[in-house]
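Chain IDs A, B, C and D follow the sequence of writing; residue 1 opens each chain.
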Amino acid sequence: MNLHEYQAKDILKGFGVPIPPGEVATTPEQAKALAEKYGTAVMVKAQVHAGGRGKAGGVKFCKTPADAFEKATAILGMQIKGLTVEKVLVTVAADIGSEAYVGIIVDRARKKPVFMVSAAGGIDIEQVAAETPEKIKYHPVDVRYGLQTYEAMQLGFFLYQDVKLARAAAKIMQQLYAAFMASGCSLAEINPLVVTPTGEVLAVDGKMVIDDNELDRKPAVAALRDESSEEPSEVDARNNNLTFIKLDGDVGCVVNGAGLAMATMDLVKYYGGEPANFLDIGGSSNPEKVVNALRIITADTNVKAILFNIFGGITRTDDVANGIVTATKANPLKVPLVIRLTGTNEEIAMKILTENGFSASSDMDEAVQKAVALAKGGK
Amino acid sequence: MNLHEYQAKDILKGFGVPIPPGEVATTPEQAKALAEKYGTAVMVKAQVHAGGRGKAGGVKFCKTPADAFEKATAILGMQIKGLTVEKVLVTVAADIGSEAYVGIIVDRARKKPVFMVSAAGGIDIEQVAAETPEKIKYHPVDVRYGLQTYEAMQLGFFLYQDVKLARAAAKIMQQLYAAFMASGCSLAEINPLVVTPTGEVLAVDGKMVIDDNELDRKPAVAALRDESSEEPSEVDARNNNLTFIKLDGDVGCVVNGAGLAMATMDLVKYYGGEPANFLDIGGSSNPEKVVNALRIITADTNVKAILFNIFGGITRTDDVANGIVTATKANPLKVPLVIRLTGTNEEIAMKILTENGFSASSDMDEAVQKAVALAKGGK
Amino acid sequence: MSVFINKDTKLVVQGITGRDGSFHTKQMMEYGTQVVAGVTPGKGGQTFESTVPIYNTVADAVSATGANTAVIYVPPPFAADAIMEAADSGVQLVVCITEGVPVLDMTKVYPFVKERGIRLIGPNCPGLISPGESKVGIIPGRICTPGPVGVVSRSGTLTYEIVYQLTRAGIGQTSCVGIGGDPINGTNFIDCLAAFEADPHTKAVAMMGEIGGTDEQEAADFVKHHMTKPVVGFIAGQTAPPGRRMGHAGAIISGSAGTAAEKIEAFEAAGMGVAKRPLDFVELIKARLK
Amino acid sequence: MSVFINKDTKLVVQGITGRDGSFHTKQMMEYGTQVVAGVTPGKGGQTFESTVPIYNTVADAVSATGANTAVIYVPPPFAADAIMEAADSGVQLVVCITEGVPVLDMTKVYPFVKERGIRLIGPNCPGLISPGESKVGIIPGRICTPGPVGVVSRSGTLTYEIVYQLTRAGIGQTSCVGIGGDPINGTNFIDCLAAFEADPHTKAVAMMGEIGGTDEQEAADFVKHHMTKPVVGFIAGQTAPPGRRMGHAGAIISGSAGTAAEKIEAFEAAGMGVAKRPLDFVELIKARLK
């Protein structure tokens, strides 16, 4: 789950990271009032889950409250990478002497959180990594011990020669690490970390991505989810414990397991079709999930055929069969349905389906080819 | 540093440990008022840094407020192992179904905090350890990971068969561990941990000993020190960064290093004398320490001779010499002084002493024999 | 005849009385796995299906029954603790089926398990099966048959799919190992490839990867330099749009190091067979067993 | 000729610009120790005494100078971090002089150091000296002289006392190691006894213990079963009242396992010589060197 800049900054502030004052506005009037309150130049920054806000014109410097009003008017309602800007962050504009990058990600290979720091901040760290990799220092953290002061100081000295700045940066890195761990992040970054002309070290932008698996035990973090900034069908799916990603094709797919779901999409394409979505009903199944999956898929008017591909392990195929029966009884389908189903409790499932007038195959290639053909209006 | 029961309980309560309500009283009137406020039977418990309070009559059950007044009158001012009771804890008397022991100490051999738990609580755990060692479970904690839930549950099941009680105890152990680590303890214990007839698990007594080395960085814990309950000369010494323990002999000893200080005491005894104290001026020395050491030792009227035994390493013997000169100029000594001094900056030290009319030896046995003789009025 | 588990595997089931745990324990018992104990705190002293003794802790279960392997079916918030409990109990192999374990929990669990020299498989995995000998986890037993192919996969159901197709084509398996799709797991492709290379009965290996991460590239490198046996690989997610997370934490293309194209290229560079779709495994493996 | 340090010891001093650090660095340099670097954050680029380069971090110091040993003179709140920094920098030996390190810090530092296979001596110790070769720490150099006796002690100044008396009696030392009196330290008696047993130049060992703990008893057991060389022991605190802490965290008699009488008994049972007072070492060692 992505957090907005203002949310990430609120968390970081709670861990002691120095951040310029700022508040959220949803109207130009509010933005103007905040600029007046701060009595200094401000930045007005679009709060959307998209990178490249600056390039898209979503981040503006405002000298006066009137200026803030004007810029907020322009930014609010703007579209950035398909997302509508509903909120702006109005924040005191910091004097910027230098810009550094500080980030933490969970690294698969090292099996640890890894710091990435670079004195070349303010821009895409991916670009720095690609063009001048020597400007990035990577530092894995052993979570059994946490980030020690000496490690933070090594990172601080990588950014700054001056010991005062290095110490300030080291402290911020320890605070960032604490926030990262406490919030259940998979990524947390400060970009840019700024040194002002007076020698203050400040976090001018902040980003956090939360591991979705943490949300159940971190209700305060979970409450930060902003559903207004996401695809409604994906929100609906998530709220029903389904993993759903909308795509542009016409073959609706309901699969259990991410690997098989991807392989199913691949096979749809292999046989000349286009998947309409990725949908994983997950491991432990219950009929309700199937009902919700069908509701979400059929809401997409592009869908011309629906393909179930279920290989029962922990998922019981009889649960899936029951779900199909229940869902189609309540809301009869308007598009053809192809069912492929095998594995745990397959016999029971087949019986349920047959008794309710459905046919099902146990062969994946056969089912996919059939669904692709049906979507094309064939058969 | 020892904490009083009420202080330890306050800390444990802060970590969530369930504890019967209680407050401190310094007068019988206050004790009575508290008993009235709780409206139930209470315990009145002497708050002194001494074990065996119960056997000494310092812990009493009081059915009524009048009873509490009477018992508090008896306990306040009472002497327990040489310490005067200045405070009592008035606490709601818990119904006691069973009593267990839960403690954590830092174990030298395992180099870890170690839990000791026993269903045989309420009495001295040393007695249980000596007589029925199989009734104690020891569990070292790897501080890199902390006390995991499964470990706490193993301990919980060692105490209680019932899963609800085991879970409650496990939670308390995790809270106790958190309090232990956060407060910088060398020992923390709950004895007894009580199960009430209604199935509540409660900490009815609590004890904490803080590692003195933690106090500088834990001001809130350091502030709990109750100097009124300690030997004044030892308080004075500690406040001047000296380690001092008053003994019954007549040879005052000023030594640098605990090992050498003990060996000096041993040697005093070897040559027929009795040391008046243990006094370690520590490693990094400054003349001020010597001044304070002499002040504290000479306040003891038993002292008949003073022996300095300084072997300079990190301690500079010139600092010690300067201290002796300064202190004796300000307050001329009334008892003879024997100085043994060698090691770092010995030449400078000897020069300082000679110039100021002191003689000094570099031989320990010689100096100790001389001091013993002087204390006996010889030479 | 197999890797990691065999006829001598003595299993303790953590979460044996839960919905999934009880269902799959029955399946494992039916398959012939020696299920010697179950664990559910508070149910110590009871029995499961009138035969399997239940204990309050894994330590109790292991000391009473000599279990050497643990399988975990507990909800995600308790999974990390369950893995550590198992790793501390004396078993040598821990298989964690639970899906949804927070990745930061695994940053702590991983060194804990490694320090004890224990093998962890999973989390978020279907477990493993050595056909005809033992099954630990949730892989449906009837889709497998004994034979010469080692199977290793990051995916659950995709594994079943491929094993099922192999079995239907008469190609049996020594062992099938689902290593799980989470960013941090206990056993990786290389661990399994090395085990299959060492197993005298394995003659060829089928390996199913996914987009995201670089495990498949490293595995390909291992195949190139350390394997004498033929390996056929597959990558799921060839058509996945970049930057979107496809269910598995694993199935996200981060940077440029995790696309299907790169992984397939690595397979080809290592001289591995490459299956374009699951069904292709049948012919590719068949050709390599000759 | 020595254990742990010798002519090839290349030392980095942490806290080189502090009061104690600068004083004792000069002493070590005068003694002939190769002090190759110092560390004080913020003073990187400067030099100490115009000759020793100062770095901001130990890692920088080690990579620039090839230091293989670190000695720590930083205040107690920073000592644990300094030990870990040194242990992570590539040096093989870390000597922590600092007194007053919280024991819970050491519960974390100890496994950190062990995992890296580094030897830590201390904290709260005087360091060590191999007379004529190298001195790391604060043991006064002029009280030592080369010779055949290994010295190991929990105490600081008591070590000096005994070494001084040996030297005055013409008995030299291979190495003198002060292991420190804290409850948790990096190197114990047994580590040192084993090193002296393995050192061909050491012909006898003098060992100074204290009341508290059971380290001396375990050391005696080691002497009995694994040492061919004679060992003479001493216990400080024979007259200490029970239950009182005598300065050192070590010097407290807890339970019944740490009295002087018990320790002396263990020495005797192990066939060790027992010194009743420091001076006794001279005759006891002399007799054993013949």
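Just so it is clear, a residue touches a chain if its C-beta (ideal position, glycine included) is under 8 Å from a C-beta of that chain, and two chains touch if they have at least 3 such contacts.
What you see is a predicted model; the values in this text were computed from it and never measured.
Student: If you tally contacting C-beta pairs, which comes out ahead, A-D or B-D? Let me know.
Tutor: B-D
Student: Using Cα averages as centroids, what's the distance between subunit B and subunit D in whole Å?
Tutor: About 28 Å separates the centre of subunit B from that of subunit D.
Student: Cα centroid separation between subunit A and subunit B, in whole Å?
Tutor: Between these chains, centre-to-centre, one finds 54 Å.
Student: When the centre of a chain is set as the mean of its C-alpha atoms, what distance in Å lies between subunit C and subunit D?
Tutor: Chain centres of subunit C and subunit D, defined by C-alpha means, are spaced 50 Å apart.
Student: So which bits of subunit C are touching at least two other chains?
Tutor: 108, in rising order.
Student: I need the residues of subunit A touching at least two other chains; which ones are they?
Tutor: In subunit A, residues 144-145 touch at least two other chains, as defined above.
Student: If you connect every pair of chains that touch, what shape comes out? Choose line, ring, star, complete or other.
Tutor: other
Student: Spell out all pairs of chains that touch, sorted by label.
Tutor: Result for touching pairs of chains: A-B, A-C, A-D, B-C, B-D.
Student: Under the definition above, what is the set of subunit A residues touching subunit C in their complex?
Tutor: 106, 108-109, 111-113, 126, 129, 142-144, 181, 184-186, 211, 213-214, 216-217, 243, 245, 247, 255-263, 265-270, 275, 278, 280, 282-284, 310-316, 342-344, 364-365
Student: Which residues, counting only subunit B, touch subunit A once they are in their complex?
Tutor: Touching subunit A from subunit B are residues 144-145.
Student: Could you pull out which subunit C residues touch subunit A in their complex?
Tutor: The contact residues of subunit C facing subunit A are 19-20, 23-24, 27, 76-77, 97, 99-104, 106-108, 110-111, 126, 138-140, 143, 153-161, 164, 181, 183-184, 208, 210-211, 213-215, 234, 236-241, 244-251, 255, 276-279.
Student: Taking the complex as given, what residues does subunit C use to touch subunit B?
Tutor: It is residues 41-42, 44, 56-59, 78, 81-82, 84-85, 88, 108, 112 of subunit C that touch subunit B.
Student: Please output the residues of subunit A touching subunit D within their complex, sorted ascending.
Tutor: Listed in rising order, the residues of subunit A that touch subunit D are 145, 148-151, 153-154, 157, 163-164, 166-167.
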